[in-house]
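Order of writing sets the labels: A, B, C, D and E. Residues in every chain begin at 1.
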Amino acid sequence: MSWLTEFPQLSRRDLLTLRQTLDEGYRSFSRSYGEAIENFFDPLLAFLVWFENLLVEAPWWVVIAAILGITHYAARSIKLTVGVGISLFLVGFFGMWEDTMSTLSIITVCTLISIALGIPMGILMARSHRAQSIITPVLDIMQTMPAFVYLIPVVMLLGIGKIPGLIAVIIYAIPPVIRLTNLGIRLVDKEVLEAADAYGVTPMQRLFNVQLPLAMPNIMAGINQTIMMALAMVVIASMIGVSGLGQPVLRSITNQYFTLGILNGAAIVVLAIIFDRVSQSYAKRSQRYMRSGS
Amino acid sequence: MTSPLIRIEGLYQLFGKNPQTHMHLVKAGKTKDEILAETGHTLGLKDINLEIQQGEIFVIMGLSGSGKSTLIRHFNRLIDPTEGRVIVEDEDIMELDAKSLRNFRQKKMSMVFQRFGLLPHYTVQENVAFGLRAQGVGKEEREKKAKQWLEDVGLAGYENQYPAQLSGGQQQRVGLARALCTDAEILLMDEAFSALDPLIRSEMQDQLMALQDRLHKTIVFITHDLDEALRIGDRIAILRDGELVQVGQPADILLHPADDYVEKFVRDVNRARALTVETVMKPPTHRIDAKTINDALAHMRSAKSGYAFYVNDEGYQGFVSEENLAKVAKEKGKEPLCEDYYEDSFVISPETPLEEVIPQTLDHDHPLPVVNEAGELTGELSRDDLVQVLTHTPTSDAAGNDDASEDEGTAKGTSKEPPAA
Amino acid sequence: DCGRVTISNMNWNSAALMASIDQLILNEGFGCDAELVPGDTMPTGTSMVEKGEPDIAPEMWSNSMKDALDRGVEEGRLRYAGRSLSDGGEEGFWVPEYLVEEYPELATIEGVKKHVDMFEHPEDPDKSMFMGCPAGWNCQITARNLYNALNLEDAGFDLVDPGSGAGLAGSIAKSYERKEPWFGYYWAPTAVLGRYPMVKVDFGSGIDEEHYINCISKEECLDPEPTMYPPSPVWTVTTESFASEAPEAYDYLTKRAFTNDQMNELLAWMEQNQADGEFAAFHFLENYESIWTEWVSDDVADKVRDAL
Amino acid sequence: MTSPLIRIEGLYQLFGKNPQTHMHLVKAGKTKDEILAETGHTLGLKDINLEIQQGEIFVIMGLSGSGKSTLIRHFNRLIDPTEGRVIVEDEDIMELDAKSLRNFRQKKMSMVFQRFGLLPHYTVQENVAFGLRAQGVGKEEREKKAKQWLEDVGLAGYENQYPAQLSGGQQQRVGLARALCTDAEILLMDEAFSALDPLIRSEMQDQLMALQDRLHKTIVFITHDLDEALRIGDRIAILRDGELVQVGQPADILLHPADDYVEKFVRDVNRARALTVETVMKPPTHRIDAKTINDALAHMRSAKSGYAFYVNDEGYQGFVSEENLAKVAKEKGKEPLCEDYYEDSFVISPETPLEEVIPQTLDHDHPLPVVNEAGELTGELSRDDLVQVLTHTPTSDAAGNDDASEDEGTAKGTSKEPPAA
Amino acid sequence: MSWLTEFPQLSRRDLLTLRQTLDEGYRSFSRSYGEAIENFFDPLLAFLVWFENLLVEAPWWVVIAAILGITHYAARSIKLTVGVGISLFLVGFFGMWEDTMSTLSIITVCTLISIALGIPMGILMARSHRAQSIITPVLDIMQTMPAFVYLIPVVMLLGIGKIPGLIAVIIYAIPPVIRLTNLGIRLVDKEVLEAADAYGVTPMQRLFNVQLPLAMPNIMAGINQTIMMALAMVVIASMIGVSGLGQPVLRSITNQYFTLGILNGAAIVVLAIIFDRVSQSYAKRSQRYMRSGS
């Protein structure tokens, strides 16, 4: 009996028909609605372009100064500020300033959008077991469905450029912040919540005054991972038209310029470390109570 | 009686995965231990029926694990009962929707938690202001109020510390201040003073009672300290294994415990402090309203007592003894009794704790008159009565020494013989 | 007057060079506002067909997505402007030059089969490795068909999928650096073959173009016969809208083409200088005037020259 | 005296970020509040010097926040002092390396935490066995022992529950069982009974004392309950704002408080229970060792007392009154005093709590003789002495009524006049 | 002054020399040591090949039965077991059995290695601030340095195939479990730790009996993310010759067979969900105490 050794499969012909029908279906869908969907994203695109130009075209020292300012405001750590300054300067010194600014612009936007969407999603998940059991597999899909699979469909719909890149990055980068917000909120001490409830807090107060602050360490871990994922997608995004550090990386690989790849990779890492350190020290500063434990 | 502020009806709480399916065991009268062993479910409360009046301090006592915290948590619906109703101001709080429940919790009740339940990420002051914040009170006002309350509980200077930086008792006081800060009508206090030293504790008790006097708050108070319960409680409920075994006024419980359990429970209390004169005095058997000295003497003689309390329409007048009256009877037998013939004697008021009248009572061979604020003689307190009450024999009639030593398992030195020849 | 033009900037050197040359010439010579858009072959091709963006793909190996491009042309969305490599790409099965120096017989397929044991398989010691073409590329089909046609399996070879162009290039680099034997599919002109000289293995069959088109390049080729690869068409592809809206610029694109020799020289220079497309484009425009002036009218050439 | 088991020398603890830099303020004698306001650092302990003997129950008391928990945490080095030394069995535990410290904690000390410190992921039984597990005791043995201790603290049946499923008092008992289960020599108990009801609490006290009797453990006990402190403590230390204000035996502290603070602290105690006869009895002034009845009578007359305690070489013999002896003096004046002439009287033993002898003492007009186990007359206890001690006037000499009412701010009914005419 | 608008860069020539020197340096390194390094990994490679063959060549119903057995043992949930069975069957039914088994084999190994290395690293990090401040940037690099950058160098060193794929996957997938182990341990309640210390626990007991169990929710979140990352790398790994579901995905992208891509992507997702659900329910089962909170 063949099924003992061979998996009972859909016949090759059926599989082919199935594939073709679906492919064709999607193609005609994208032709009819692509335009509309594309227009929908126009304002975002305009903003992305504006923001990228701002960073790329502003004098480099203005940009560095601004970044250092933000760093200092957020982290209040001289050491960190100096470190950020030096690494940004090195990035420029090795001739990667423009690419770095392009990447910085898109990643900033992606990260902010991911956080802005992710935290509420995480909250929703924490609030109901139903939501959790629906959202979790979706997150699994978002994280493991290879970007390559949806890259082409997205390109068919939206063309090549920043918007599909942004979408791909967000799809991939958003799950950690959602998951860890959920986890963090679920781990909040029941006794504390009960006390808050006893004073009749509104759901909003409960969330903003109790759950989120106490879930902060986990949420920050989620944000950290989201930043990491977003930056990890830089190269893939550059495959569909997002300019920045991804391109030289791809070039280095096809042409086997190791050093070029490593330099550009290092610039990505520098961005990652800056993003991460700044956000983490900001969070830590707002959690003073944690250090005062006995 | 007006309708009660809080009414609990047929409340059951069974902890575990499937409380409903095991309720029949509870109803069938299985004990808590049996249910735990058979089903892994813990019986928290069993058929509680209770009424709490507006303005009273209602104390709940009972062994550790008897369901006190569980019961108090039902009052503001922090847990839902397995069965039964909780009615506050004629409203079944089980039927409140989320918003009304919130409102109810904000305005009606505030709670001190046994394990404090402070918010670790807020400073002490923010913690205290938390209830007000929930009510939507403005920042300035709530800070002012919080500061005030912090001072009242003796934590001025700690405003900006975090809970983890405080000692246990300090944390408890933060929880206390938080509850008091909200101005809620009903205070739920779960062992609110347990971590406090005696000085601060009695200060807090005073404050609480003053507050209650002033604002007529209703207070539900869990405590393990019988002295405390007797001191501040208007009524006391005693729980055992989730069942209500007795509810009553402090003296009631002390003097007429419903069963052995309650009796054991109250045995160790400092009666001298807990009981007032009222609760142990006898009716004034040596009361006379004779008009003349002779009348009085006749009275005393027939009663075979050497003294009497003289009372007229205006109330208690004074203490007279046969001995002294007899001396003047010959000359002035017909004259009316008046101040001149009264003797020095203490007069005690019915609300005074026994403790405070021990010396006087013991000093006098005759009973002391008990006179209320209106000046009426309401009873008399004899040395014997006092001794009897102070020596732990609530249910027996006569204050026998043997009784006392039987009662006290560890009694050592009450033998009539010298311990060693 | 030619307006905003987007040029696909693919990540291998020849494509990047052409993209930059086109950008310079269109901007300076035709007054366009040309912009480079990064992207891989597939997304770029798809986007051109479906969304009309970017406008120009300077180096499109049409075999790699033949169906889609042909359909795009059919539907009037794309145009093949002209060959960007006039000789066409050179495909074949290759062995490293140093091997052939040692064993001259390796230049033919029979020689390779004879030395089959030399080509060690990394995961299966009983077999030898024949490095095929990455999954999904058109060449995967042709390489497999030729592998069958040449009976390489019987000879003891296992067709190994390198996974990607990068994997393929990496495996060449690895073997070359260690002077190990390597046998597999590759194509030229490329930076890799520029850096690592290889010898194309002769199948001894000559080119049977008809059989190649009808069978070897088809998935369902039942009876493959050995044939050398015919030159592979490499196109400059533009969108229909660009072609119709900027006919002069389009005209330039139809002419812009390199021979393999020219391109190899340029690639070698780029390789040596690790130059990016832009830098190389300047180098080209400055030093190879005779080539590019052929592609444009004199006044355009003047404008470009002025801008340098 | 043998060398002490635990010796604390010059211990300082300043909480905050940079304790060292602010130590000079502490040394300069700034108060806790000043230091907090100036530097944000909290003074936990200040110059503590203390010795604890092997086998004693050492009680630490003090206001909430006075540093008790902080002090006890130094004993097993859960926190390192800012300055000072902790010496246990002649070993400075600050100098132990990690391994010896571990060993020391496993074997020498076990601790009950004020906030229980249970492991939430372990069942009750596993929690109790935790100390043994740390010691590497085998599973079977530790389970057996844990079960035994769980039963002893009254939690049989709850073995497989998790701490979150228990009530506060039950959790505390788990912590207690865990500490007792390890057989450590030294027990550190931080408010170990605070969440227990009076019944279970006194059971636990009894168990603790029995344990101590049997195994001579050294126990450091923090409590807020003075009755408890007086009951179980061999010595009591009182802390205020991180400073040690008094260390002494219970009766000492009760009767001779070092300052106002301590006096206030002990004022509310139930003296009747806390004090033993010994501590309040007077020397036996009415002691006679006359050989004959006449001698005895002579003695009594010269002392102007109507009674006497007759003592011979064999110790206390009996109570005699002038009245009765006088009756027989004429006939048998020369005869030696013997049983025939003794009168019924209570004899009390010096260790008995006052509480137990109140009725007898009050019943008799004359003082009662206090006789120790060897049969010797060691003192006498009069009604007045008793009353004086029971009415809160530890330092004043005479037990005046006025005194009592002054002392007690809330006294209501001790006026000599009727409250209303 | 040009530096006002232009970044003061390393001159092109210097940069070139630098790059060329480094590239050459790496090349000669790989020339001299590649062989040795490759040999070092031979046993692992042999194991990987053996394990893959085991899964691919065993009759499909044996494999499914084994997986269901593990699932049931770990999660004790009929629902989950049935779900896993159905999805595995569907994967086979759509003709992806072999690729799925290849992917399953390598991902299982990667995940296990990541967990086995990651948890100890996380513990180390939690134990000392020093270790944390050293390891954190390394993790940042591992997560954001694009795989493409080191793919070729690794291939040059080790050739294409499973070993470089495994290394790339682990580099990318290991950080979350390290980070969240660290976070989880750091969040353990100080009071509980103090109590344990007071009983003189050894560092090992402290770790295994207190810290790890209480950090479990976070560690499991880390493991979940590690699994997700590993599966997200399937496609990248297939770029350097790791067989499995990644190759059809790459094929689908180059040929625009969307359905093919989605089917194979879905198979990856199925693996992700199986891995994740099974590990999470195993963990949850061992954390009964969490549910019993009041």
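One rule holds in what follows: a residue touches a chain if its C-beta (ideal position, glycine included) is under 8 Å from a C-beta of that chain, and two chains touch if they have at least 3 such contacts.
Quick caveat: nothing in here was measured; it's all calculated off a predicted structure.
With steps allowed only between chains in touch, the distance from chain C over to chain E comes to 1.
Between the contact lists of chain A and chain C, the overlap consists of E. Any chain touching chain C that also touches chain D appears here: E. Centroid to centroid, with C-alpha atoms defining each point, chain A and chain B lie 62 Å apart. Between chain B and chain C the centroid-to-centroid distance comes to 95 Å (mean Cα coordinates, whole Å).
With centres set at the average Cα position, the gap from chain B to chain E is 65 Å. Counting partner chains per residue, chain D shows two or more touched chains at residues 115, 161, 164-165. Multi-chain contact residues, meaning those touching two or more other chains, occur in chain C at positions 42, 46, 166, 169-170, 173, 274. Contacts with at least two other chains are made by residues 12, 19-20, 148, 151-152, 190-191, 194, 246, 250, 252-253, 256, 293-294 of chain E.
Touching chain A in their complex are the following residues of chain B: 76, 78, 101-107, 109-111, 113, 115, 117-122, 130-131, 133-135, 161-162, 164-165, 178, 182.
Per the touch definition, chain E reaches chain A in the complex via residues 4-10, 12, 15, 18-20, 22-23, 26, 59-61, 92-95, 97, 137, 140-141, 143-153, 172, 175-176, 179-180, 183, 186-187, 190-191, 194, 217-218, 221, 224-225, 228-229, 231-232, 234-235, 246, 249-250, 252-253, 256-266, 268-269, 271-273, 276, 293-294. Residues 41-42, 46, 64-65, 67-68, 122-124, 134-137, 140, 160-164, 166-167, 169-171, 173-174, 177-178, 273-274, 279 of chain C are the ones that touch chain E when the two sit in their complex. Listing the residues of chain A that touch chain C in their complex gives 27, 30-31, 34, 38, 151-152, 155-161, 238-243, 246-248, 250-251, 253-257, 260. If you check the complex, the residues on chain A that touch chain B are 189, 191-192, 194-202, 205, 209-210, 213-214, 287-289, 292-294.
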